[in-house]
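For reference, the structure is listed below as structure tokens.
Residue numbering begins at 1 within each chain, and the chains themselves are lettered A, B, C and D in the order written.
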Amino acid sequence: MPGEARGILEKETLPPKLRVKAMSKGIVSKLRQKSPWVMHVPCGGCNGCDIEVVAALTPLYDLERFGALQKGSPRHADILAVTGPVTVQVKERLKRVYALVPNPKIVMAIGSCAISGEVFADGYAFGGPLDQTIPVDVYVPGCPPRPEAIIHGVAQALTKL
Amino acid sequence: MPVALPIGPYHPALKENTYFRLEVEGERIVNADLKIGYNHRGIEWLAARRTYHQDIFLCERVCGICSNAHSTCFCQTVEDLAHIDVPERAKYLRVIVAEMERLHSHFLWFGVAMHVIGFDTAFMHMWKDREIIMRMIESITGKRVNYGFNTIGGTRRDFTPSIVKSIEDGANTIEKAADRIRNTVTRDSLIKKRALDIGYLSIEDAKRISVVGPTARASAVDVDIRRDDPYAVYSQLDWNVIIRDEGDVLARVVVRLHEIYESIRLIRQALKSLSSGPISTEIGQLEFPVSEAYDRVEAPRGELFYFIKSNGTNIPERVKIRTPSFMNNAALTAMLIGNSTADAPLIIASIDPCYSCTDRVAIVNVKNGETAYMTLEELSRKKAH
Amino acid sequence: MNRQTILESFRGFISPKTLAYPRQPSVPPDGFRGKPELDAEKCVGCGACAQTCPMGAINVTDEVERSIRVWYGKCSFCGRCQDVCPEDAISLTSAYELAVFDKNKAAAGIKIEFESCLECGKKFFPARQLNKSFERMEPILKKRNVSYEELRSLDGVCPSCRERPEEFSKRKLFLLNFG
Amino acid sequence: MTPSTISNLAFYVLQPFFGFIVGALLYWVFRKIRARLQARRGPPWYQTFADVTKLLFKESITPLIADKTIFYLAPLLAFTGYLVALLQLPIGNMYPPFAGDLIVILIFLTLPGVAVILGGSGSGSPYGAIGSSRETALLVASEIPFAISALVTGIQVKSMNILKIVDAQNQFGPMAFHYPLATVAFFICMLLKLGRKPFDIPDAEVEIIAGPYTEYSGSLLGLFEISNALRWFVIPAFAVNLFFAGGLANLFVFLTLCLIVVAFISFLDTQNSRYRIDQAFNFLLTWATLLAAIDLVRASMGWVFW
């Protein structure tokens, strides 16, 4: 969105009203990037990614530096951090959680399980990769990714807001 | 009129998804029910379709927190099955890494418990100290979580002298961090107020439900696989089993606290008597007789059980896993009734539940694609038959 | 409230423990298992890594060349591929920042050239693996007094050509001599 | 229009903005100090503004089962409560045109609590309902010590006008020295009014997600965030006016005192774990009320010792 807004701004032919609109859009998306509220959605993983996501909030990594807060309610979330292979049981519930999140929203697939199912991919209980259930914006491979890699992933995700 | 209050499947107190149905009258819980299965991934089914060496990494991913216990237990079972001797040094290395894992798991648990009663500062401080252990584990095994340290016949990595030195130094730092936890937990009046006489589990109930690990030891059940069925080199080391008889949440806190000190003691002793030698037995072609084997390991949460049946090929016929949380979860219903809803998350957290471990007990009808999940009651009835 | 936490808090107030991660790189310790990378110079294309990978993250596909692809989206960074690789061509580096927008881009791949069949000219087998196996066999060949060229002329033939009667008899003769 | 009308109008227009900006910064100070006490670095200074802007421009979802009127009214009510209280408070040397009455301010500070109860129960979520019931219990328990400790000052100067209370303190010294017990009781209630530990029971994340706010999203939540920023100015300002002589009629001293109050609150917040609802209820109705009541008796009997 910022790039798009900048693109509009460069066109001098735009009427002033639209120009102001585009500028405010740019500012809003800038501020959006400064306040990502994350909701962590465990989807049946082995717990490894879950504890690394929590570790990213703790003093050594401190996601709050970037304005990120962990939120319990999907209504407050901007970023859904999904971990684990989406099991058959969780699939429908994940879709419901995704629908609860107001727009604009970002989905991060954290860990190889969420991306491809990893070791569980052949199993009967595997509900398909995450991007077949809900649209995914950023993939963070790792089993589990280090907290630094998760921070890197969040930084990547923010450019999409 | 009791009102049903759901906790889960997504709930901030639960780092994983499960579903508690609490029937409450006002704030008091009159009935509790537990639905598990959201984490069911069919690991036992998958394990019977992979080679033994691939299964090590599958079993590690049963649970990310006690992954090393899982891989140790699996490897020991396979070693029993194929009659492989493990070198002495590998046994010591396994003990050291297992105890490091117990340390990080207990630190993690303390942090989560503090978070649950709302003491976020203590949570942050404990997780800050936990990172020391995580860094050590990372330098030893190459990964922070799911270490991939064990292999059939030994371990995959050796300790260099510099690592041994760093563990020795790290043990002192961790001991200081454990002192801090002790001072925080035992001297804070609010923590005592929240944890004392909450989630009581009597010794009779504990034995009837057969809970394991720190949960059992906090209810005066004297059980520890490291002593009762010694594996690796635990029988050669000097340490104590911590028992408390109060049976409430505070007792579980105290048991875990003292286990931290015992783990540090074990690590120091193991480092001292670390003999030189190979770290794994060279196995060319694995030969598996058609037989069965089982093994038990004391994971941070309690007794972990593996059973493997081989059919002579390099793929196991059946792998059965019984995780500690599976037993401990059953005790939750007994613990929750009579307490306040505000205490429910703390009580749930007090057994250190691990649903990724637990959820392999689904009954699945593969033919018509229907998945039916049994409640614990049905399951226990079925087992009784 | 307790004294320990208050003390600890003030210690933290004066010196926060947070890493300056995005500004300064955070270097993992030695022996860290990060992104696996293939060395196109060393790889012979045997596919042992793909065989042993517990996750199935390594794919081997044969077309005009053999392509070996590691997909980080399925990798568990266990390092089994590194353990079994006979040529040390795959190694786990210390890179861990792998976040991508397109999951298929989180991959590394190399192509291994095929050797042409001596008879029909069809490309059939990774050239380097063939040469490597001849190299490994050299001491045995010397012991048995078999010339390198002889073996080469036999094994440089694609499977479909080998089924031709004259090739078959040639091989049979060779094996008899070889013992 | 007379010059005083214009300046009054300007005051009413500018004061909310001033209050929001200072409140947002004070809220940031709280978050920063909390982070630092937890050995972290904490958010940058513009964090509250970013949060509010983001929420205002985000999609707002109304749950189908929610009672629409109540659901939309609640954030407005909370905002109004703080806004009206703000417009009646003297800020250092900026005296409001309509001098506030202590009881009116107390009533308007109750309004946000009522709004949260309404919003929570109107949202149709079980977590919201439980959060509301907890908020109700706390509101009932906290109003007594909060009102008593505030009224102590009014009884001392024999006027309920907040300007008179401030002026009297400028002559006789801050109330905190005369009535330390009431000050302590007021601080305890302030923790509750600011939703901090150990009284953050209505929106205890690990127990009931976000409590009454669970179903709110987008601009409605943004409105709650704005009132939250306002409350981080109004309540410390109220405390400074009542117990710390209103900053000696000096804007700079006033704001510094607000900052100190916020820093102290942040410290208390980080050093406590959460009470259970019954424990909080008992604590407020026994200890806090007792402390406030002792000073109330002293004030009404005229027993001022120094």
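To be clear about the criterion, contacts are C-beta pairs under 8 Å (C-beta built on N, C-alpha and C of every residue); 3 or more make two chains touch, one makes a residue touch a chain.
What you see is a predicted model, and the numbers here were worked out from it, not measured in a lab.
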Neighbouring chains shared between chain A and chain C, ordered by label: B, D
Pair joined by the larger number of C-beta contacts - A-B, B-D: A-B
CA centroid of chain A to CA centroid of chain B, Å: 30
Where chain B and chain D are represented by their mean Cα positions, the distance between them in whole Å: 44
Whole-Å gap separating chain C and chain D, where each centre is the average of the chain's CA atoms: 64
Cα-centroid distance, chain A relative to chain D, in whole angstrom: 34
Chain D: positions in contact with at least two other chains: 35, 37-41, 205-206, 209, 270-272
Numbers and ranges of chain C residues touching at least 2 other chains: 1-2, 5, 8-9, 12, 16-18, 28, 54-55, 76-78
Chain B residues counted as touching two or more neighbouring chains: 11-12, 57-58, 61, 121-122, 124-125, 128, 146, 188, 190
Graph class of chain-chain contacts, one of line, ring, star, complete, other: complete
Contacting residues of chain C [partner chain D, same complex]: 1-2, 5-6, 8-13, 15-18
Chain D-facing residues of chain B, complex: 5-6, 11-13, 27, 114-122, 124-125, 128, 188, 190-191, 193-194, 340-345
Residues of chain D touching chain C in the complex: 33, 35-41, 267, 270-272
In the complex with chain B, residue positions of chain C that touch it: 1-5, 8-9, 12, 17, 28-33, 52, 54-55, 76-80, 83, 92
Residues of chain B touching chain C in the complex: 50, 53-58, 61, 121-122, 125, 128, 135, 138-139, 142-143, 146, 148, 156-157, 180, 183-184, 187-190
